[in-house]
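Structures follow.
Common to both upcoming complexes is subunit A, partnered first by subunit B, then by subunit C.
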Partner chain A sequence: MSSAESTVKNKSLRQAMAGLHTWGGLLPSWLLFVILFGGSIACFDKELEVWMRPTLHPVGETSLTLDQVSAWVQKQAPKPPHAIWMRPPDERQPYWYAGYEPQNELEPFVSFTLDPQTGEVLPKTLGGNFWFTLHYNLFGGMLGMYIVAIAGMFMLVALVSGIIIHRRIFKDFFTLRPDANGQRAWLDAHNLFGVVGLPFHLLIAYTGLAIFVTFYMPAGLKVGYKGDIEKMFSEVQGQFGREELKRKTDHAASIDKLVLDAKRRWAASGEGGTETGWISVHHPGDKAAVVDIRRYDRSRVVDFQWIMSYDATTGAFLHEQKPYKPGYTAYAWLTNVHMAQFGGAIVRWLYLGLGLMGCAMVAGGLQVWLRKREAKGGWGVGFVRAMNGAVLGGLPIASLGLLYGNRLIPNTVNLRDHWEAYTFIGVWIAVALWAIARRNSGRVGRDLFSVAAVLALGLPALDVLTGQPGALSAAIARGDWRVPGIDLAIFAVGLLCAKLAWWPRVTKEAPVKVRAKRERRELAEESV
Partner chain B sequence: MLFLAFGLNYLGMTALCLAMSRHHKALLNSAPSTARTYGLRAVGALLLALGMALNIIELTADMGIITGLLQLMLAGLSVGLLMAWRSGWVLPLSGILPLSGLIALLA
Partner chain C sequence: MSNAISSKSAAGNWRTSPVLATTSRIIAAIFAGYGLAYASTMFLTVYLPLVRSDRVVFASLASFIVYVAAIVYAFAARSASRAWLVLVGLSLVLAAAALVAGDFGARR
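Moving on to the complex of A and B:
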């Protein structure tokens, strides 16, 4: 093949991919922004949870025993539950988390958060979990998960097609020319955020899809396990389980003593520590009840929980979890790389930074699309402008609104968490209506940056005024930067928004350079 | 050690950035010679490898490779953003970041 022919062929591939990248990127982009933003914020879900529970005391010894909590949870269930789950407080989650799984699989898990000292139920809040749920199913259950999966696949398509149409990946690696004309500057930004963060974007989109692969590609599960997903997971994880006998018993072994036994067994291995994670009792009150004690080990990417199973009635040791099979180890590695629960705060910060870089990539791409078509105007331009304001501005502002709602709604209000949700939705609708009404004013960006700036700059004051008196300074004195860190980080975001809203950069109109000899050729990526 | 690793990643990315004519001109007012381009690329690659090695030493290969990659990307982003808006900071930071990382490690 002559070189001329191959150029023609390359050009057509690039152009084909340019169309795919433009439209396959544009249509799911707002959804992707919600997913990426939610996931980035969810890196600090536990920290936000602590922020949203200002009545919590700093980490201290818990005065509750597992036996007390287990008895309490069982009393909360109207009918004997299928299983109860408990998580004792630790440094990152300084409260008891406990709940029950109803007998009927279709009913949701009912959970409670308990004060570690008094055992009282803490005021309800959506908590840091809110962004996590938004991230993986948009509060849409199974349907939401499928929608997120489709968006994830479109992200992979956009990334790969983006690589193909980008002619100068290495040459323009560090290039961002804010003074260039609008489309060029935004294209630079879109490329910088996309290319420099490419390994992360690819990895996060791929591993995100891998987490729920059993739902997305269930054929193997249907054939091998007749669709019984729990059986599959318990088998590949080497877990123990047994059927209910339907014979009641009043006797129960002390779970606290069983935990001591489990810790002795873990300690014998000498690595991974003996911190406990979730502890469950399946078929509580039944003769076949089983206590599972899980280890919490985040010192490596794959977290082997090394479950110790005991007979809940006699306390007899029944089973210890076998090491993961290689296939499951690979799966666990992929999911854990996505969830970033290993490696501590430094990993969470890195994931947050790169996740926001993904958000910036999406925002930049949308601006490229707009700048290219703005001159012509029309229905599509108005639609994209409205959506940009409503989603790119709406979600962050509504998230700040949720934090305000969390602190301002009195603890005595019934269904407090619902009111938090109404605050979030209400703020988002307000921003969306504003963005739609003023979509062609050219001022929506600055309006929304102003609102975000006011909310973000006021957040530390809100924390001081509505939190426990002296809690912030005590936390700083302890060297516990979780809550002050959230205040400071959001305050810094507020400063940036204020800068963008009130002191925008005046772009000098770059003089048009006349170049006689070199003909201006349109790059494929400029045709998007 | 991770702070030093980030400093080295940043320094390495700065070297790779300077190896490009456009950025070399922007920061040092002249186009780099061919030898200098190759030299900067080699130094940059070496520094990035060193940054990765420090991550692996600190966190084992299991986690170090991931944090190393994340640092690498954030360092690249930092250089890119600074080049656009605060190009005067790029070179000073390439000294300050690794040095303070070293001090933090030794202190």
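Moving on to the complex of A and C:
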């Protein structure tokens, strides 16, 4: 093949990829923004949960035993449940989290949050879990999970096609032309965020798909296990389980004593610690009831829980979880890299930063699309402007609105969490209508930054006014920066929004002649 | 942009319409691409030289990479019909190879 012919071929490949990147990127971009934003915020779900529960006492010893909590949860269930789950308080989650799985698999898990000292049910709130659920299924159950997966595939394709068209990936990385015309400046921003975050974005999109791989790609399960998912999981996870006998018993061994036994067995290995995670009782009240005690090992990515299983009636030791099979270890590593439950605060901040960089990449890409068509004229400009305001502005402002709702709706209100949801939805609808009505005013961005600035700057003040008196300063005195950290971070976001809203950079169109050499540079993708 | 993807021939004749060609590539990317990912997962689940659980896990995890590659190929291929031919052809070969093995894929 001659070199001229190969150049033509490369050019047409890049052209095809540019089309794929432009349209395959535009279509899911608003959905991707929601998923990326939700996931970024969910890095601090437990901290937000504590923020949203201002009546929680500072970290202290719990006065409740597992036996008390287990008995209490069983009483809440109208019918004997399939299983009950309990999570004792720990450093990041200073409250009891417990609930039951109804016998009917289609009914949802019913959960309670208990005050660690008094055992009282804490006022209902959507909590930090809100952004997590938004992130992984958009509150749409199974259908939502598939929609998120489709967006994830689009993201992978957009990243790969983006790499192909952004040919001079290292050379052009240093090309920033903030004074250039809108489209070029946004293209540079889109490239900067895209390239800096690229390894993370590839990893996070891929691992996000990997988590529910058995739903999205059932071929392996069908061929290898003839579709028997339980057989596969018992084989790879090495867990224990047994059928209900349908014979009732009033006798129950003390779960607290069983935990001591499990800790003794874990300690024998000498690594990974003996902190407990989730504790479950399957078929409670039945003769075949099983207590599973899981370890919570924060020292590694793969969260092998080394489950110790006991007979719930006699307390006899039944089984210890066998190590994962190598393939499952690889799978667990990928999924746990996605979920960022390892490595502590540094990893959470890193994921938050890189996730928001993904949001910025999406926003930058949308601006490139818009500017190009605003300059040359084209179809869909009004629609994309409206969507940008409604989604890119709407979701963050509605999230702030939710935090306001959390603090302003009294604890005595029935179904308080529902009212929080109405606040979130109401604020989002209001922003969306505003963005749609004013889409061609050229001021939507600035207006929405002003609203976000006012809300974000006011939130720390609201926290001080509505929280426990002196709680913030007491937390800082203890060196506990989790709740004050959220207030400070939101305040910083408010300052940034204020800067963007009220002191925008004045753009001067410099005459072509005096433009610096770097502004005249052209990126490979600009020619396609 | 969309017309850049398609063939150079003039619109009008439905056989050479650029809109039709692009639509055809999109459908090939989504459906034939998933077909290839599915078939490759079946194939690898049967033939990877590993124990069953590892074969299933690695074959399934590879499926997303196959799918992305297939989607990119559907747009990079010289023509839409070629994209269909390669994606469907490869899928059929891989699926047939996996089915020929019968219960061999479910071995330990």
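FYI, the second predicted complex is superposed on the first by the 498 of 528 C-alpha atoms of A that agree within 3 Å, B and C clash if a C-alpha of one lies under 4 Å from a C-alpha of the other, contacts with A are read in each partner's own complex, and residues count from 1 in each chain.
Note that contacts are C-beta pairs under 8 Å (C-beta built on N, C-alpha and C of every residue); 3 or more make two chains touch, one makes a residue touch a chain.
Computed from a prediction, not measured in an experiment: that's the story for all the values here.
With both complexes brought onto subunit A, simultaneous placement of subunit B and subunit C is permitted, the two fitting side by side without a clash.
Contact with subunit C, but none with subunit B, is seen for A:232 once the two complexes are overlaid on the shared chain. In the superposed model, A:141 makes contact with neither subunit B nor subunit C. In the superposed pair of complexes, A:442 makes contact with neither subunit B nor subunit C. By the touch criterion stated above, A:351 is placed in contact with subunit B alone, subunit C being left untouched. Looking at the shared chain after the overlay, A:161 reaches subunit C, while subunit B stays out of its contact range. Put simply, if you stand at the Cα centre of subunit A and look at the Cα centres of subunit B and subunit C, the angle between them is 90 degrees to the nearest 10. With both structures placed on the common chain, the touch criterion links A:470 to neither subunit B nor subunit C. Counting residues of subunit A touched by each partner, subunit B versus subunit C, the larger count belongs to C.
Superposed on chain A, the gap between subunit B and subunit C at their nearest CA atoms measures out to 20 angstrom in whole units. Residue ranges on subunit A touching subunit B, taken from their complex, read 171, 173-178, 188, 192-193, 196-197, 199-200, 300-301, 337, 342-343, 346-347, 350-351, 353-354, 357.
The touching residues of subunit C, when paired with subunit A in their complex, are 1-2, 4-5, 22, 37-39, 41-42, 44-46, 50-61, 63-65, 67-68, 71-72, 75-76, 98, 105-106. Interface residues of subunit B facing subunit A in the complex, by the touch rule stated above, are 2, 13, 16-17, 20, 22-23, 59-60, 62-63, 66-67, 69-71, 73-74, 76-77, 79-81, 83-85. Contacts from subunit A toward subunit C in the complex involve residues 13, 15-20, 22-23, 153, 156-157, 160-161, 164, 206, 209-210, 213-214, 216-217, 219-226, 232, 235-236, 325-328, 330-331, 334, 528.
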